[in-house]
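Heads up, the next two complexes both have chain A, just with different partners, chain B and then chain C.
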Partner chain A sequence: MNVNIQFREDGDLLVGFIEGEIDTYTAPVLREELEVINLSEGLTIELDLSNVNYMDSTGLGVFVAFYKKVVKENAALKLVNLSGRLTRLFEITGLSELMEIEKGGATNASI
Partner chain B sequence: MRAFDYIEIRVPAKPQYVSVIRLTVSGLASRVGFSYDEIEDLKIAVSEAVTNVVQHAYKDHEEGEIVIGNALYHDKIEVMVSDYGTSFDFQEVKSQIGPYQENENVALLREGGLGLYLMETLMDEVRVNNNEGGVTVFMTKYVTREQVNSNVQSITT
Partner chain C sequence: MQQLKKLYKQILSDYICNQNESDLYIGQNLIKQMIQKNVSPEDVISIHKQALEEFYGELPETVIHAYDFLIEVMVHYGLKVKEHQSLLVKQEEMRIEMDIAAQIQNQLLENEVPKTKCTDIGMISVPLRKMNGDYVHFKYDSANYLGVAVTDVVGKGVPAALCMSMVKYGLDTLEYANSNPSYVLEVLNQLIEKSVDDSMFVSLFYARYNLHSNIFTWSSAGHEPSLYYNAAEHTFYDLEAKGLLLGILPEVKYSQQELELKENDFIIIMTDGVTDFRKNEGFDAREKIKELALSFQHLNAQEMCNTIYQELLKLQDFKLYDDFTVVIIKKNKLF
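So, the complex of A and B:
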C-alpha cells in the first residue's frame, strides 16, 4: 500500500494526479511531495483524487496544511474528481465549505 | 452458544500496520453482512482510533503494542482499540474537536483533531475509557440494511 503523485504543468495550471491510499503511514510522503511545489501568485493547483481509494483524517490534515500554504502565497487550490466516499468525508468535516472541491464523474461515483 | 465471535488482533504501534488493521476489520465486517458504505465508514473509524494510538500513545518509547478486539454479532460489530500508553482526557479532547465552520480563518485552520469527530460520526456508539494502563476506545456499528435470512436455501438445479 502506498501513495504516489505525478504532476503535469501547463502554464499557470499545475495538475497533480494522486494515486493510492492516504493514511498515517503514507501521509508524510504526500506532504513532502506537496511541500516542494514552487508556489507563485496566480498559480492554480488542481489535485486529481480519482485514484485515491482510501483516505482518513490524516489525509485531510495534509490537504488543509497545503491549502493554508497556497492561500498564503495567493495561489489557488482545487481538488477534483472526488469519489462519493471522499466527497462525503469533506462534507461531514465541513471542509467542503472552505475548500474548492469537485466531485468526479459517474465512473468514480461508487468508489 | 455464545452470541458473538471474538477475534483479537495485536500489532506493534507502528504506522505501517494501520492499513493491515483496517483491511482485517473490513474483512470481519463483511462476514457480519455490512454494506459497502458501512464497511468504508468502519474502516475510517477504526483507522482513526489506531492512528491515534500510533501517533500519541507511544511518543517516548517505541515498543508499544495495540490490541484490537472485535466482537461479531449477527447485527452489529463491536471494535475495541486499546493501548498501554498515555491516557487522554476524552471530554477535554472532545471539546476541542469537531467539524470546520464555514467562516473560519484559513490561516488558522486546524490540521488535525478530526479523528475523534469522525469516529463519532461514522459509528453508532463511541466510548473512551481511561484506565490506569492506558486508553480503550470502544465503538459499535449496527447493520442497517435488511440482512439476508441465514437459513434461506440456495436453489440447486
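So, the complex of A and C:
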C-alpha cells in the first residue's frame, strides 16, 4: 500500500496527481506532501484523484485539513477526476457541498 | 569482581591452548554472571587486555592503541544500550497505561440496549483495535421517546478516544430523549468544532422514536445512510441526507425527516466499516446487507445483527478492516 503525489506548476495553477491508496497508513505521507506546498493568495490547487483506487475516512481528514488551510490563505482547492466511489464518499459526508469537486478538470486537457 | 577477573583469565587461557567448545560455553555463562554484577562491556575488554598482557608481557604498541580505541567505543556502546533498554521499559509502561485507558474508555462508553414494548432493538459493535472509534448511545425515556445515536470518529487512538468522550458527554447533557435530532446535531457540531484539530471529525446519525405515535425522526451528519425496510411494500429505502460531518464548520444547520414505523418494519443503522469492502471493488455491500436482512428478518433484532456480522466477516475472509457497528430497530407486532 502506497501513495504518491507529483506536482505540475502552470502559473497560478498547481496540479497534483495523486496515485495509490489513501488509508490510515498512507494518509500521513500525503499530509506531509500537501503541507509543504507554498500557499499564496490567488493560487489554485487542483488535485487529480483519477489514480486513487481506495480512500477511507482518514483520507477525507487529510483533504479537510488541507482545504481549511487553503481557505485561510485565500487560495482555492479543487478535487478533480474522482471515481464513482470517491464521489459518493464526498457526497455522503456532505463535503461535496462545501468543497469544489469536479468529475473532470484542467488535467483532462493534457490527456 | 576480582573473582570474575580471575575466572575470565583462566577460561581465556584454556581456550587459547585447546580451542575447546566447552570453554566457549563456560565463557558464555561467565558473561551472564558479569551482566548480573553490572560489569560493563568496556570493563570486559579491559579485563581481556590485562589478561593478554599477563600472558605475553608487553603487547605491541599498536595493539594497545587498538584496545584503548575499542574500550572508548564500547563506553558509548554501553550507554546507548542502556538508553535503549530504558526506552523499552518506558514503552512497556505506556502500553500498560494504554490498556488501562482503553478499559476506562469502554466502561465510560458502555450503554445498555433499552428494552421497549413496541420495538425490538439489537446492536453489535466490534472494534478493529483496542479502542473503538464507533460509539452507540441510547436514550430511553420509558414514557414517550427512544433516542439513538450511532457515531464514528475519524482518526485513531487516544485523540479519537478523547473526542468520543466529548460526544458522549455532549449527548448526555442534551438530557432528554425528546430533543429534535437536527438540534442535537447542531449542538454537538458546535461543541466538536471548537475542540478538535482540523483533520478530526465525527459522523453521526441521530434518531428519535416516538413510542406512542411510532414516528421515527432522523437527522444525519455525514453518516453512512441507514436502511429502512417497509414491510407492507417489501421495499428498502435509503435514509439519505447530505448533512455535513460534525466538527468541520462552526455554524451548520441540519435538516430532519420522519417516517412512521409500522408492524414488521425495521431500520438498520450502521457505520462505514460495515459497507467498506476494500478488497472487492464493484461489490455492492449495501445490497448484500439488504439481502441478508431479508433472509434473517424472522430472527430477533440482536440475532439479526450477529448474523449479519458473521456473514459479512465471512465475505472478507474473517478479517475486519475498520470498526464495525450495526444497530437494528424492529417494529414489533401490535398488541
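Operating definition for what follows: the second predicted complex is superposed on the first by the 103 of 111 C-alpha atoms of A that agree within 3 Å, B and C clash if a C-alpha of one lies under 4 Å from a C-alpha of the other, contacts with A are read in each partner's own complex, and residues count from 1 in each chain.
In the analysis below, contacts are C-beta pairs under 8 Å (C-beta built on N, C-alpha and C of every residue); 3 or more make two chains touch, one makes a residue touch a chain.
Please read these numbers as outputs of a predicted model, since none were measured by experiment.
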Fit or clash between chain C and chain B when superposed on chain A: clash
Touching partner for A:Ile5 - first (chain B), second (chain C), both, neither: neither
Contacts of A:Val29 with chain B and chain C, given as first, second, both or neither: neither
Partner chain in contact with A:Glu97 - chain B first, chain C second, else both or neither: both
Contacts of A:Lys68 with chain B and chain C, given as first, second, both or neither: both
Partner chain in contact with A:Thr58 - chain B first, chain C second, else both or neither: both
Touched partner set for A:Val80, first chain B, second chain C, both or neither: neither
Chain B and chain C contact sites that coincide on chain A, given as residue numbers: 24, 54, 56-58, 60-61, 64-65, 68, 85, 92-95, 97-98
Contact footprint of chain A on chain B as seen in their complex: 15-16, 18-19, 22, 36-37, 40, 43-44, 47-48, 51, 54-55, 99-102, 104, 106-107, 109-112, 114-115, 117-118, 121
Interfacial residue positions of chain C with respect to chain A in the complex: 152, 154-156, 197-201, 203, 221-225, 242-245, 248-249, 272, 276, 278, 281, 322
Chain C contact footprint on chain A (complex, rising order): 24, 31, 53-54, 56-58, 60-62, 64-65, 68-69, 85, 91-98
Chain B-facing residues of chain A, complex: 1, 21, 23-25, 54, 56-58, 60-61, 64-65, 67-68, 71-72, 85, 89, 92-95, 97-98, 110
